[in-house]
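Alright, structures below, take your time with them.
What follows is chain A paired twice: with chain B in the first complex and chain C in the second.
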Partner chain A sequence: MTTTTEQKTLPCIAVESLTGCAGELLVILDNLEQLLPFVRIVSFPFAQSKNECGPVDITFVEGSVSQPHDIEKLKRIRSNSRWLIAIGNCAVWGCVQAGACSRCHVEDMLHAVYGDESPIKALPARPLSDFVHVDAMLSGCPINATQFLSVTASLLKDHLPYITHKPVCLECKLRENPCVLIEKNLPCLGPVTAAGCGALCPSLGAACYGCWGPCQSPQMAAMATILQEKGYQLDEVLSRLQTFGAPDTLFARMKPDAEVA
Partner chain B sequence: MMDHCFVLAKDSFAEFFESLSKLGRVYAPVKVSDQSYSFRQVESHEQIAFEALRTILPPKKYFYPTQETILRYNDVQIEEHKPEIDFQILFGVHPCDLAGLGIMDTIFTAGPADSHYLNRRQSSLIVGLSCMPDKHCFCQSMGTDCPESGYDLFLTDIGDDYLLEVRTAAGVKAVDPIMPLLRAAGQDDESRYKAFWSNRAQAFTNGFKPDNLRSVMAMEWDNKIWDEMADRCLSCGNCTPVCPTCYCFDLVDIASLNGTSGERRREWDSCQFVGFAQVAADYNFRPGPVDRLKFWYRHKLHGFDDPFGFQTCVGCGRCTVSCPAGIDDIVSVVQALQATNQAKTKHDAN
Partner chain C sequence: MSGIERRTIEIPEICRVEGHSAVTVDISDGRVANVQLEVFEGTRFFERIVLGHQYEEMPHITSRVCAICSTGHVLAAVRAIENIFEFKPSVHTNLCRQLMHLGMIIESHATHICALALPDFLKTPDLLDFATKHQKEFEVWTKLRNLGASIQTIIGGRPFHPVNLHVGGLSRYPLEQDLMPLLRILDESRTYALHLCDLLSGLTLPIERTAEACFLAVVPDGPGYGYFGEVVRASDGWEAPVANYKEYLNERVVAYSHAKISTHLGGKPFMVGAMARLFFFADRLGKTARSVFDKSPLASGKACSLWNNLAQAIEILEAIEQSIVFVEQLAAGGFESEGATHLDGLVKAGRGVGAVECPRGTLYHYYELDEKGKIVAADMITPSAQNTAQIELDICTVVEQQMALDPALLQSSLETLVRAYDPCNTCATHMVQIRSVKAK
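Moving on to the complex of A and B:
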């Protein structure tokens, strides 16, 4: 791709990845045509072979920090970027590799997968904001394209984007779905999960499994109580609540009760 | 104003429906799951769930949509968005929901009036329908059990027939094409009508004495049951979209990538979300679930301390059946608050 003079005056964006499934990258790739008239993509290793590593207006980073070189790469990105935006649950909360894998020791997992002489150095997975300042966090698994474009539009105007942290229940009620938690006694995590997906799973009659991570101020203790009353065992409930990387601090209020139960 | 009363045989309902549907789109309760109903567009009278008591969302959604564009802007101007509004017919609106619409009218028409709401309201025909209460209905306690206004036509089920009350000029116009199907109500029809409403009044199994409700709500602000309920509250906000009189919304500007244009949208919001009362400097007027829960209960059962300081609960029972935590059983809460000899606060209880 040749760079024209006009392109050089456009805001520069970069799309980088650490440890994740690349779902976010596919969403961006799918919507690239809408972005291209307004930005110059200086780095997107997933999608183009010629990438620059100079200063960037906006860098979107997907994936969690799971290896030592992720930390170095993230720090380099931070120092090169005016806006650093975490995209996807991995980058925002650490996702499954932080939540579900926290039940095992990282050394045991490494050994089980790679044997005695692992070429990989693994760390317990953590979100970007544990290491660097992150300007905005857009969760998702993968991210919602409309939200991504809206966030980008705000950033291009140098505005901090609006990203909803209301629960999935709002989107579900606005679609007027019958409540699967009430009517089917499914272990739906809609009340404690961040919206943005449009209540995708409950709209199809399935329970929300929390893949976007926690909503703002999630009532984890109440959620656990209500699921236990429906017959779910506490360890299963905790496992569901923690699978997508919800941090321990959110469970501080319920831990004592949990021990009693 | 005296309503004009006619008798419509149930056998003629199909023709009545046909005639209504010539005026515009007809929306009526439809069964959407084992336990739930929803107002949806219906093409045939056979789709209507006459047995429906409460739909998931109340009819407010047809006047105050869940999401709508308010204005559009570009680099030179801001333009109010004027939605295209087609004439619509709401069929099967029960007395509690009519009362709910009355409250919404008061709120949305107070200056400056909400033109989107008003225009939709004015291009609608409301056909009310009588109902028999189930174990969650408590409209009788809230004084909203008898249809007083807010409808153009009202059908009372009097056995093989409906007694059709025509309230407004729009109602007169709507029944004009079907006058051959109708006959004037006679003494026997009026007796059946009175018997229905008398039996219905006796059929309520749920409720409370409403007389001192506002005072009790003020007195029991520190009652321990608020804390007990808040321990279970998910702050999911389900109680507010389902409420016929909850009207709070959020406004969001959605910019276009071109950097010069965009639009402002409003979307239903809920006072149960922690961000609702969060202001600058990260201060929150209602930081905990207990603060938000009490705030909502107070608005419903006491009213705000403002010129609209009226109670906004219409006793439909939607919040009761929509709360995953089971803490929106308004009747039990009111009964507990009205009871004497109780430990008032957690502190007293210890």
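Moving on to the complex of A and C:
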């Protein structure tokens, strides 16, 4: 372990959170031994009391923007950070909160919960990139620790990491799993979901439920057609596909009244 | 001193707790006029998020309420739905769930005690200082946390947000070769848990006395120390089925916070969590944990909520002993073979409650399903919301005791107090009732 004097010259990192489940914070905390020799953690309010708010080389931000306070905080973080990295599904897509917001209005939820006169200001959950420039996005629910460390290593070597968004099916085939969608008729969302988990659910014989958010160019209409052919109702299919924050634009061609199949 | 003295103590953001919260105390003429524990984590509306989804999706969606107690949310959801279907899980499934739950207890308690609570006592300002100057404690934390994470990965597929636990059973049951390596780690981990118990028992607390608490905890099924049950007990002698939770937990919205506040019968604040569980069920502990408890300040019955940290350490020790038994039973096998879970004939409309004792206290999930198994109403009451009123009462008691203290010291005692409850604000902001909103 480096001494405190050596620490002063190390790159500074910060770990901040907006609105989320703190899962990414736990992953980082769990990998502290690997990080501490290479970086100085100047801010991590979840895990330490002494937090500085000066310039930072890399800030990792967890959680979605779900209230005005989050926007102010995010803008402050952006202006202090050389690199801002969105970590976890909430920060990249908005996760289950954004999924629900695509099906109902946040104002209705707020009034129903806290009354019409409530001073609380809630916003529909949105990803960070809707508000500020984000240098790299690492999805996951939670993020994969190995992927997080390799992204950090890239940044410490002064270049932005290349993060792929291939579908889960790719990892599933590499593990030589039998296809649960074809062979067991399970509602597996692997074909439209970003890989990185190592095809965890299908490897246990269960259907992928899309927790990493959409893969690159997901074929949502084709996925819906396949699931309908397997006997799933369109409303159920849509609700499953949108649960983990896949944005509305991906479904433009297939609203319930549009023709599918 | 002339006139009325008024002042306000403000802690704008409490570090080292899960989520975002603040404390404000108004003092007027030597008395505490008002205490507010404000939770300003963004609202998350989970009870609305789940509407319109199928019952099978509940474990996956509700685990996202909170990473550190995701297993608890999954098991509360699963129990509520199985209650609706009148489905009894197999012995094999129950053993896996119990072991999984102990993995969460170990991981969550170890993280809370070492990373969040201990720095107040070790006086470490940041993580580097902790890791370099207190290597033994850092090692204890790493080892125990890894143990909890390994158990949850072997049973649930990953350290949190498990993918392998479903309504009805598991998609894959762990094999003997998956489980056996745990035995050696569990055996070694006893010394780490004992170290924590010793360390915490010996601490000098910055606060001697907090408010008298009424404790509430679920009465565990079976004869041992446990975390699942159908009846809740209070230290004032009252008992009720968890299914009646709406009658005894009076939730109300407060203007200053995104979390709702619960009180017990007659508007009384109450405490849930490790201290409450040990208050009722210390006589069910195994030999090792029992002897630690008997010698500890907890057995003296003196009221101080800060001993909740020690109560959690004793639960880690007990969880290690219990895990060894469960791993041996699971590895011995001989269970009836379990295929895919067959619930098809059982799906029906109805209402059900599932309660589990999570690291921070009792968690309730309630669901109402239609005849096809779709969620039409939901409610979740988390332990942190239940503890809020008691934390506010404790803050009031402590400020009145320590009014003359230097403001910085008083503020630091209050932070230590709040941390001892291990509040989880990401959980607490889901206290919403939105049955009147219709899905579009």
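Going forward, the second predicted complex is superposed on the first by the 243 of 261 C-alpha atoms of A that agree within 3 Å, B and C clash if a C-alpha of one lies under 4 Å from a C-alpha of the other, contacts with A are read in each partner's own complex, and residues count from 1 in each chain.
We adopt the following convention: a residue touches a chain if its C-beta (ideal position, glycine included) is under 8 Å from a C-beta of that chain, and two chains touch if they have at least 3 such contacts.
Every value quoted in this text rests on a predicted model; they were computed, and no experiment measured them.
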Joint occupancy of chain A by chain B and chain C, clash or fit: fit
Touching partner for A:T225 - first (chain B), second (chain C), both, neither: first
First, second, both or neither for A:S150, with chain B first and chain C second: first
First (chain B), second (chain C), both or neither touched by A:L200: second
Partner chain in contact with A:P45 - chain B first, chain C second, else both or neither: second
First, second, both or neither for A:L110, with chain B first and chain C second: second
Which superposed partner A:C95 touches (first chain B, second chain C, both, neither): second
Winner by number of chain A residues touched, once chain B and chain C are compared: C
Partner chain(s) touched by A:C211 [first = chain B, second = chain C, both, neither]: second
Where chain B and chain C come nearest after superposition, their Cα distance in Å: 12
Touching residues (chain side chain C, partner chain A) in the complex: 13, 15-20, 40-46, 48-49, 52-54, 57, 60-61, 64-68, 70, 111, 115-116, 119, 125-128, 130-132, 142, 145, 149, 157-161, 163-164, 166, 171-172, 253, 255, 258, 340, 426, 432-434, 436-437, 439-440
List of chain A residues in touch with chain C within their complex: 1, 3-4, 7, 17-23, 25-26, 29-30, 32-33, 36, 40-41, 44-51, 63-64, 66-67, 69-70, 95-97, 99-100, 103-104, 106, 108-110, 112-115, 118-120, 122-123, 125, 141-142, 184, 197, 200-201, 204-206, 209, 211, 235-236, 239-240, 243
Residues on chain A engaged by chain B in the complex (per definition of touch): 34-35, 37-38, 149-150, 152-154, 156-157, 159, 162, 165-167, 169-170, 173-174, 176-179, 181-183, 190-192, 216-219, 221-223, 225-226
In the complex with chain A, residue positions of chain B that touch it: 32-36, 38, 56-57, 61, 66-67, 231-238, 241-242, 252-259, 262, 267-270, 273-275, 289, 321-322, 324-325
